Structure formats: C-alpha cells, structure tokens
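Chain nomenclature is as follows: A, B and C, assigned in order of appearance, with residue numbering initiated at 1 for each chain independently.
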Amino acid sequence: MSAFAAQFLDLSIMWQAAPLIRRGLGTTLLLCAIVIPLGLAGGLGVALLSLAPSRLVRWPLAVAVDVFRAVPPLVLLIFVYAGLPFAGLRPSPIEAVAIAFFLNTSSYYGEIFRAGLGSIGRGQSEAARSTGLTGAQTLAYVVLPQAVRNVLPDLMSNTVEAVKLTSLGSVVALPELLYSADMARSLTYNASPLILAGAIYLAILWPLVRLISRFENRPAGDTALG
Amino acid sequence: MGPTALDRFADAFLNPVVTARYLPAILKGVVVTIEVAAAVIVTGLALGLALAVLRSFRIRPLNVAIVVAVDILRALPPLVLILIVYFGLPNAGLTIPSFAVLWLVLSLVLAAFAEEIFWAGILSVRAGQWEAARSTGLGFGGTLAYVVLPQAIRIAVPPLTNRTIAITKNTALGSVIGVGEILNQATTAQSFSGNATPLTLGALAYLVLFIPVVALGRWIEHRFRWNRA
Amino acid sequence: MVELVTEFVLEARGLRKSFGGQEVLKGVDLAVRERELVFVIGPSGSGKSTLLRCCNRLEEPDGGHVLVGGVDLMARGTDINAMRRRVGMVFQSFNLYPHMTALGNVSLALRKVVGRPRRAAGEEALAALDRVGLAAKAASYPAQLSGGQQQRVAIARALALQPQIMLFDEPTSALDPELVGDVLRTMRELSASGMTMLVVSHEMRFARDAADRVVFMDGGAIVEEGTPAAIFGQPFAERTRAFLGELAR
C-alpha cells in the first residue's frame, strides 16, 4: 500500500511539478476559451442551416455532421496536425486543436441546438411574427431562449466533454495540463503529477457533473421506491 | 486548383501504392479496434446496469461510494485515466498489458455513464408502477426485474446508444499507449511512408465502422419514443 | 401468523398515519363484511385514500392494525406479499405496465407470485379479462386501449389473483366522462357476483345505487356511516350535510 501511495500520492513531487502544471492549466483554460465558444457558435450555425429550405444545404450538412461525429476526435486532430502539412498547410498545435475540435464540437452542439429548436412549437414563432417581430428577432428573443432552456443539460454535458477533449492536445505536444503533468511524470518517474492534474480536472468539472446529474435524475412524480 | 495540384493532393492523401502497401496493417488495426470496442461495450454496460440495480436498494454508504466513483469517472478525461493506469501501476509493481489498460479504463468510464443513464431510467418509472406491482404481491426484486427494469432500459436505450458510441470511439486513445488499433497503425504507417495516405485510410476505416452506428443511434432515438400510458 | 376470529373480511383498528407532522389518519376503525360494498366519501384531504392505501400497506401506518381474513398485516411474521395477493387494488391512474399486453399485465403476478406455469397463468388471465368484457383485447398494449378499457384491465389484474376483497382508489377520476359508465358497470357486476369491495370515489349516484354502506370521512376520522338512504337522505352530522350540500350545488 505504501508503494502505491509513494507512486501516486507523493506530495513533494507534486510540489516540484506545481509550476509546470500551473502553466499547463493556463494553456488548458486558454484552449477551453477557444474551443467552447467556437463550438457553440458553429453548433448554432449548423442547427440554423439545418432548417434551411434547400436540400442542397441540408443534406451535405447532415453528411458532414455525421462524418465529424463518427471520426474519433483524436483521429481528426492527428489528421489535421499531421495530414495538413502534406497539403502545404502547417498548423501549429494550438491551431490544429482549434480546427479539429471546432469540427467535432460544433457537430455535437449542432445536434443539441437542433433538438432544442425542434422542441419549440410553431405557435411560438407565429405569435411572435404576428406582433411584427422580424424572423431574426423572433429567433433571438422568443425561440432561442426557450430552446436553450430545454436542452440546457445536454449543452452542459457537451461542454464537459469539450473541456475533457482539450486533454488530447497533449498528443500533439501542446503543453496543456495533461501534457505538462505527463512531462513531470517522465522527469520524476512518478505518477503523482498525473494525479495532481486529475485532481485539477476534477475541481473544474465535478461541480458541472453534479449539476448535470441533478438535472437528469429528476424522478417522475412522487417516486417512492419499494 | 489546377490538375497538377489536384494530382499532388491525391498523391499525398490517397496514393494507390501506399494504400496497397499499408492497407493490411490498417485492417489489422480495424480488427483490434473492434475487439477492444466489443469488450468495452459488454463489460461497461453490464457493470453499469449492475451498479444501477445495486443503487436502487438504497443502501446509503454503498450509494455514496457509487455516486462518487461515477462522478470521478465522468469528470476525468479518459486519457488522464489511461496514463495514470498505464504508467502508474507498473511502478507500483503491477504490470498490465496496454490492451487491458485500454479495456479496463474505457469499461469503467462506460460503466459510469451507463449507471447514470440506467438510474435515471429507473427513477423515471412512475411510483404508480411500483405500487401496482407491489399491490399484486410482487416483492421488491420481482417488481424491479419484471416491471421497472424493462421500462427503465427502454428509456435508457437512446441516450445509452449515443454515449456508448462516443466512448467506443475513445479506443483511438489506445494509440497513445501503443495498442495496435487503427490510429496507431495509421500514424506508424504515415511516418514510415512519409505520406498522408495511411491517415486518410484510418479516417475512412473509422467512417466505415461508425457511420452506420451513428445512423443507427439516430434511428433508435426516433424509434424508441413510445407512448407511456 | 396471528389468526384472529373475525366476521369481517377486512378490519382496520385504530389506524394512525402522519405525513410530515400532519396527522392524516387519527385512529380510524373500519370493518367490511363478506360480499359487502362499502363506499368511502369525503372532501379531498380527508384521509380516505390514505386509509385505503394502508389496507394493503402500500402506505405504512404509524399505528393500529389491519386484519385481512383474520390475519394481522402489521404483525411481524406476516408475509406481506402473500397477503397483498388477497387484497386487490385498483388505482386512479390505472398503472398498467406499458411494456406488456393486457394479458401480460394480468398474468404477471399469477406467474411470479402464485407460481402458475405460463400456460395456466395465461388461461386464468384470459378468464379474468373475459369477466371485465375485454378478452378480445388480450393482445393489446395499454397505449392502444381507451382509459376505460385500461381501467377494466387493471380490475382484471387484481381480480385474477382471486382476492378476498378489492380496494378501489378513485377508479373513475382520471377518466373522460363518457368512459366512466363502462367501469362502473364492471364494478357493479363484480359486486353482484359476490366480491367484497371497499371503494373511495366521488361517484355519488353510483354510491346511492350500489353501495351497502356509506362511510363519510373528514379530517382524518370517520364522521358517520350508514346505509346510502340514511347518509344521503338525512345525514346526522353537520359536516356531512355541508359536504353533500356542496356537491349538490
């Protein structure tokens, strides 16, 4: 058991690794600040375009969304990072992460927004239009607020996934939280820095995860088991 | 793009010679991916269901332990877990092959998500269903097995399908610790050949594997909305 | 098992129940004889549904006893699941199992509680469905049935276990008005065939026509009881008169 503790919970090693990990955390937060807004904006765009009357817009979009949902995000990232140079483009690790995860997360966010928009009855936009609001105003003030509220748990859950996704940046040597921790591990031959990084991810994401599960586990009616 | 540029593009991303050379390796990767994925799905879903059933007995300390474990597995990036198990355990005197590390971690992650989904399904079965079954003399276990779980599982199928697909795709993380799955074969071949074709092949392999599953997931989502009386 | 000599099929003695400090049942005594149809009426919140639900311990009483055929449901050694078979229950919201056909709904407990083989359970379940006039709907799922049909399947589900008494908890409250008649007709036939029944309901006309005895509850206690003619004709208590007057308006 003590060998176990020494390998995973060595506080002095964690202390040594702290500066490196702190910088990694900064990069992770930066990645989140890039990936999440881009994904949300892209997702909203995807959802709105999927309402387009023309099949020439809807079908290619549907195919693209399915493709980016079918390919594992790491495969997408490697493809962008190691594949694009063969086409003469050389994205930096951070650009590669931004591009790959924009494609991935906006596909997922897009499906969620689409479900949200679909959950709002026609009557809402008809009522809004009948008062003279324009299409854009109807969307912004009447339909979207309700749609977002209806799919809030899914949006939050996908945001948690997006934060977790940034850890894949370590594979393309982007010095974010996991990369820094793994570097500290290889320098110290000890897994404690990884545990520290895990603890930081937990500190960021646990509150969100708790909140989501509160949303999901609303019992039907006055449930009393047994 | 002129024809020469297009040619160069095709040469870099879908080169027939490179394809012929490395397709067997990619296919080997496909087999490994399918093996890991199947193992993860079976153990992950079974463990998740077992945990949800255990939780319905409402034994307080046990439930606290389940909730904490599930939360941690849902909050941590799977790659963090993989690296901790892969690099940490050998130093602590426990050696597991990388295939097993990937299977173990992804099974636990899937089990955590599945437990939450099954549990939400159990909770969403109305109190009246329990009461009706109990009023006919069925016990707790019988009510759970014959009345509640069939409904809970049905409610769980759509979200579970999507979550299972998402976690199964994480088999690609195996490339980081040297599991010979698709991505690993593709990146290895890419560095040997100095050509992006193996990456394209890898991506295509994933598309062939997962597009039908994604489509199935969407179909199930529509299909399984049934009228609850 | 404690067996007591009693002339009653169901006997509640001094039942008490509180929810969060509020006393819903304040020591209620009620007895139902064989073949009797007893109607419990009263304003909402009077405790009548809680009384009914205590009679098969779906609600756990805080004090008092419930005897079914002389067996104390509250006694330590009593197998509550075995006793619940003898007490059929019909709910306001039907509570049919949506994933099973009508036949599946009725035969589940026959198979899993009584232990009948599948075939015999199916035959008995079909006979029970036939008694409520729905043998033709045996293969239908609840979602394919009208509310009235669903409630009759629920009656068959309880009936199939050959209970000594059946409890009805506002069986027609969730139904559209035009579907109420079918369910009441089924209940009347059941009563005519000799079934002992304890009914909580707002169907006053049905109570007047079919009940042997009417019990008026208010504030967690029985205010008065008597024949329908007495209760609806010249009620004793001021509260009963007020309640019935309120209904008549």
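In the analysis below, a contact is a pair of C-beta atoms (placed from the backbone, for glycine too) under 8 Å apart; a residue touches a chain by one contact, two chains touch by 3 or more.
Everything numeric in this text was worked out from a predicted model, so none of it was measured.
Number of steps on the shortest path from subunit A to subunit C, with steps defined by chain touch: 2.
The most distant chain from subunit C is A, comparing centres defined as mean Cα coordinates. With centres taken as mean CA coordinates, the chain nearest to the overall protein centre is B.
Of all chain pairs, the one joined by the greatest number of contacting C-beta pairs is A-B.
If each chain is reduced to the centroid of its CA atoms, subunit A and subunit C end up 53 Å from each other.
Each chain gets one centre point, the mean of its Cα atoms, and the points for subunit A and subunit B are 17 Å apart. Mean C-alpha position of subunit B lies 48 Å from that of subunit C. Residues of subunit A found to touch two or more other chains are absent. Within subunit B, the positions touching two or more other chains are listed as 126, 128, 134. Looking at the complex, you find that subunit B touches subunit C at residues 126, 128-129, 131-139, 142, 146-147, 150-151, 154, 226-229. Here subunit C touches subunit B in the complex through residues 56, 58, 81-85, 87-89, 91, 93-99, 108-109, 112-113, 141-143, 150, 154, 157-158, 161, going by the rule given at the top.
Every residue of subunit A that touches subunit B in the complex is listed here, in rising order: 3-4, 7-8, 66-67, 69-76, 78-79, 82-83, 86-87, 160-161, 164-168, 170-171, 178, 182, 185, 189-191, 194-195, 197-198, 201-202, 205-206, 208-210, 213, 216-226.
On the subunit B side of its complex with subunit A, the touching residues are 9, 12-13, 56, 58, 71-72, 74-81, 83-84, 87-88, 91-93, 116-117, 119-120, 123-128, 130, 134, 140, 166, 169-173, 175-176, 182-183, 186-187, 190, 195-196, 199-200, 202-203, 206-207, 209-211, 213-215.
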